[in-house]
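Dropping the structure in here first, questions after.
Every chain is named by a letter (A, B, C and D) in the order it is written, and numbering of its residues begins at 1.
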């Protein structure tokens, strides 16, 4: 299967503004790119690439004053297989976790483990150890939160969404991540493309998707408490402790995002 | 000058509990250690050391049920010089910042840059660029917050302390860090020992201290908005995005910290 | 100046085989990358990135049975300046060396300091301290070894090349590193791209280059005893104790490298 | 059980000489020290402690010209239990190994995996996966090498001892480590104290012992191909890639080790 993914962001900047972008298909999928995943800007500016501490390839540029467009379009080869369910994946006790997973047990901007710890233990201490426990967390989050684009907020945290019970996909992910970490299961945030391949057409405008990965049985596994069914055609962009680390665009100055478009379509479908 | 630093933590654990500790003198001070900086536990358990993503040497252990003591004691050679003031250190524009500093511009658990950005620009956009701007932030934080041990809270964030105006040294540091980041100045949290060397004896029981570093003129510089004067004999333990990354102890299970002692004394003084 | 660097490796594997690759432009050059430095495989496999203990970004993957190609291509901005000569850089006495340099004084797989110590002191104890001593070592190595691609061997060490007097660039580097370490000068191995920019066209097929860095005057400096003149357009890939740490590919199973291509060209030249 | 461990090294130095020492009981055993593990020198010199890249606490000092003695003596609490046999510990396939273990698959000064790979696969590819394979390697090494103090040589490698078939405990360990790494099992070198507790008195003068650890089932396990039976009272000093990383003393200049004594005795026995 081939998937056409892409984005177009239209900004207005009052002054020259440094920007960091997380918009490339993740390096782990580089070999699936049927054509190079180039980023283009109008007006054209020089870009520089660097790898952040999580291994994501980020782009730095200086946006000139005025209208500024960033766009990219890629074709990604995909197995067409749905998210893998590994129901027998075990949970590692903390002393056996690899060192590189430990930072994904700590609190972070949008995942206040300190505030949610008692709640988590109250809800999940009798859930089965391992995959079943992460599944129980996803079941809870999916049932607890009402989805709605209008509930999106850049400052909304796991604690906030736990209390308000309304949010978007990133809020589902943040709450599930925080609850996993409270239960001593390393969890990290993922952002990327997720279309409605193999499903009824979704009439709402597309956005980037947020989901998460949990560390079980010696590997990281995909979970998506918003959609809550294995999905086809997930294309990763970046991973981090939470959405603060993998913002699509971090702008260092005032600006207006005037329009915004994302696409994820099966080619030939 | 030689400084004797050390700690004794007394816990009670209901069950075997994994713990991560950040209690060693920082590796950047290693050459100043007169002997290895060992951690001892009672009852004795085996410890494992690892380096986290910030370069801090952390210790992992499993605390047994019951009373558990962790203690350490080191002798550190010190220049005896106060914190350096580099008033002419310039501020880098974002495009010139080294990649490894960029993560210290992002929001983190206790430093909500998203919430504080407008406030920061309102307060500091006319402050001089560079060292003066960080100094202005420290002046503001020092005046804005009332210090009091009773105001300590593990969940208190920069946003909280900005609004409540009461806190401990880590809250001063978190607010200043968040404000620096809002102004596009990389800032990172530091924890360590800070006694009253060269000053009137402080009668309150000692605790670990929290301060921060800002990136100016191609280097990281020490700032301490709580004490707000250059101090002598600061001994770094660990650095991170905020206190969530460098908690003295991260415990993976219920526990009670029953008593707690920290010392920092000039030898022969 | 812009340099186009890249590689194509064609393997045959009899069975699924784990591979670790050191093929990305080094993170210290990240700001010079005009776009992400992606690695692509045919057939496509998922890759994982991690940072080794020296800070190099490595790639892990599982090569499927059969023909397997790995390729990458990057554009690197470069000053166009030749390797810097800092003839006045001093040599640190061992007690003043930073801790993190000390491991680069020890023996390693291809640099047997124990075997070469007496020889080194015999040859270089009267050479000037500092830059001049490393230069004397490079002069010696350059004169002592005959270059020839046919002399390459994966098991050849500094001791071997000292005695056989024939080798390739990595052997020149290993012998010079071992001799520097014997003289108490920290030295580390570098691998990367080095074309013939600004020089007569070299008709031989390109390979990755090996050179080394020595620690003098508080910094690491580039030395290249194979080429023995300052060169333009060196693009670092990885650093380690010797070539064992930064093998382009470490394969965990039998395989055949069927063909191999490396390029390093000035764009627009 | 309490074990009294200690050492006395008597050197003669013709000139002031920097020395790095690996002589402290390993930090993982710090809590088992019944009294502090101090190092004393005669004449007294200032020492500095630092942590190497493996986490070992090393000591730096400058030995003055003339006779120089280094001595230490500690009392270590010990469970008295023999080395643990975990015969069911699984072997991880390379893609599932934690990142921090991967460096222990590479070749190193005394463990030439490149030279021994074919031999290893010829000997052990039919041995059971996991603990049994490491056991088979230890069985082979124990039978293949004849022990004798007179066979000690500072330059002897795994390849050398495989061919000469004679060596001391460090050679047994190096050969077993190299063979484990060839079979894709991470292995690291250990040095420490090992007396004859619970066994017939060994009449030979004591030396420090060398053994190794292999990574199986998510943890590092002790193996000792020289002694080849579970032993009591092993006291770790340091770990590294091989003996080059954890030399008891690395001296940066000529010297004579005039006498040398090590002790490891059960107290009250």
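In this text, a residue touches a chain if its C-beta (ideal position, glycine included) is under 8 Å from a C-beta of that chain, and two chains touch if they have at least 3 such contacts.
Worth saying up front: this structure is predicted, and the values here are computed from it rather than measured.
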Chains in simultaneous contact with subunit B and subunit D: A, C
Centroid distance [mean C-alpha coordinates] between subunit D and subunit A, Å: 45
Interchain centroid distance [CA atoms averaged], subunit A/subunit C, Å: 37
Chain centre separation in whole Å, for subunit B relative to subunit A (CA means): 30
Sites on subunit A at which at least two other chains make contact: 50-51, 60, 99-100
Chain-level touch network, classified as line, ring, star, complete or other: complete
Subunit B - residues contacting subunit C, complex: 27, 30-31, 99
Partner subunit D, residues of subunit C touching it in the complex: 18, 20, 50-53, 60, 62, 93-95, 99-100, 102-103, 105-109, 111-112, 114-115, 154-155, 184, 244-245, 250, 252
Subunit D partner contacts - residues on subunit B that touch it in the complex: 27, 30-51, 57
For the subunit A and subunit D complex, residues of the former touching the latter: 92, 96, 98-100, 218-219
